[in-house]
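Sharing a structure below in structure tokens format, with a few things to ask.
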């Protein structure tokens, strides 16, 4: 039965991995190559340089999803079994992750537009929704689904995750709020947060 | 030989999982960001709000495919081996699932158009085709491919699936019929059905 | 060492499976939803009906790739190890498979155009290239990479594949030639061949 | 613990494989089918022939990513465990790989344009970035993460990789420099290099 449950968690994790990887790689098709009209007017160098919001949005969304994937993978390494509410919550997380290419394309297109604030609201709001769903997923998993005979290492890891995640929703809530005041600052913080998590949050080094 | 057959079913399931995950994640590229003309006329907030049929269609199709995936996965956990008609039927199911992004984009684009009914016919018709193929897949599998030495738990699960699926094609047939009368109602029922299945139909909790 | 080699073949097969599944599912984004101009002129029903070449092309390419995947999977179940020329040949096969969405979109767009013949040439030519690469892959594998201590069942299967594949390139060569004479007939035969292979060629039932 | 670490490396490799496969297969959607206006003016044969830069760019990028995947897979076969800097470096590699479809589309569109040089700079620059990241990944892995009790075969392989990769970044640096002088030559060398690596660099034949 233990073997069966482990295989079961592996399957759900594998399926989620597909969605994460596809969402990350699909981001690139939202970077549209410059039109011949624009290139005729400004030259290709200028036209490519003008795409910098697209590059930054690609970078931010790519690393954010990568970080979510790493933590998602971490959780799956700790839980012993999967139940109904967990699956539902995981499906909701995948929904928001699969949605990311849309606000990414939007922020790339409208970040220099007078209405940039609205695009920033949706972009940071999507990340807020992801962090809230993730928080819910982990809270539930940590209370119900952890291995009962888990080693001290695993318990330490679980405590480490709880500690690290405590601030996730708060940070994204702050960034979301900030997006109503300064879209530039809120987007810069999104990128910074993804890079910081990427640099500091890899949960590997298990001895 | 048993090991070999298990590996074989695993491969087919893995391949099907790819198609499910890609179809689900591709849905997002059908949500088109609003044009600069529209935004200039109405503002970005209004333009994004006007995309609500796209969001609803994304949500409905995402959860419907997710629910199909969960049940597909459930079936593969019960069967012992795979044969020729089963594979053919599974290929047909994947065809319809891979097709879903097209009627989804269509309903998103034409749900407020005088011809919305036609789009609703195709959308609900695609789900009807999926549920019929799924029903066929399960009927065949339950008669021929179940493990002979299956435990009581597995037999109970099989009976549970049969019971739960009995209404699937009937419900989608009713929704398809309804789409000729009221497209709004038929689409609302599609979403409701996906959410209900998602909430109530996870077949995990095996003790 | 045997375990290692089996894991190695599994990895290459897994990677190839990704490419097959993505190519199959990407086909759908080439079915473009009808424009509002066309729908205003003809109504949505007519506009959707006019897309029949897209549906047929989707169906044909989907089942053709599915059949190639099934046979690819069959080969990988028989070989014991992988070497350099096999990998190169497999990479070439993946290249042609990943290319399929382009001629599919072309045939969907230009099948009713005076230049339909050119589109049919490229479409059938792509399938010819796939069948030739596949033939090369199997010839090489069957001579060099089969398990030395293979059972009689496996040897029978190998002979069965050789027999079945003998006609593959010939058939596609004939269809390619025919596409210079009648594009309609050549495309109909592509679909027929995919369905026939799908119906008759599943190589499972191993006792 | 050893089992656990092996599973862990397997998961990271599996996730990376997804990104490689999706990036390779997405390349095809950047080959745009010719417009009806162009076909009306020149005929479909001419219009398709005029797409040769798209075909070449597809071929070059496809084989380059394939070669990177093969070597990536090779590295993962040699390392025993994964740590934080390795994961970060791997994420950076995936970022550049996922970005490849953009410069590929750009070079396909602008290779015959007066500003072709700029497109070639970005295209070859992306490959330079990939080769530098890859070099960094391998340097780090070869110093820290190799199996301590590795066999002589594995040590030989590690030395072989180090030898083979020494020239990777140098070659791509030269090609990148050349792209400022002759874009045609730099692109031809990109394709040649991918084919040469594909022909000569498969690291299989382990006895």
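Residue numbering begins at 1 within each chain, and the chains themselves are lettered A, B, C and D in the order written.
Operating definition for what follows: contacts are C-beta pairs under 8 Å (C-beta built on N, C-alpha and C of every residue); 3 or more make two chains touch, one makes a residue touch a chain.
Just so it is clear, the structure is predicted and the values come from calculations on it, not from any experiment.
Enquirer: State the chain with the largest centre-to-centre distance from subunit D, centres being mean CA positions.
Expert: Of all the other chains, the one whose centre lies farthest from subunit D is B.
Enquirer: Can you give the rotation angle that fits subunit B onto its twin subunit C by Cα atoms, in degrees and rounded to the nearest 5?
Expert: 90
Enquirer: Which whole number of Å gives the spacing of the CA centres of subunit A and subunit B?
Expert: The mean C-alpha positions of subunit A and subunit B differ by 25 Å.
Enquirer: Cα centroid separation between subunit A and subunit C, in whole Å?
Expert: 35
Enquirer: Using the touch rule from the top of the page, what residues of subunit A touch 2 or more other chains?
Expert: Expected reply: 14, 18, 22, 26, 29.
Enquirer: What pairs of chains are touching here?
Expert: In this structure, the chains touch in these pairs: A-B, A-D, B-C, C-D.
Enquirer: Where on subunit A is subunit D touching in the complex?
Expert: Where subunit A meets subunit D, its residues are 14, 17-18, 20-22, 24-29, 31, 33, 36, 39, 43-45, 48, 58-59, 62-63, 66, 69-70, 73, 77, 198-199, 202, 204-206.
Enquirer: Quick one: which bits of subunit A touch subunit B in the complex? Just the residue numbers, please.
Expert: 1, 4-5, 8, 11, 14-15, 18-19, 22-23, 26, 29, 82-84, 87-88, 91, 94-95, 98-102, 105-106, 109-110, 113, 115, 118-119, 122
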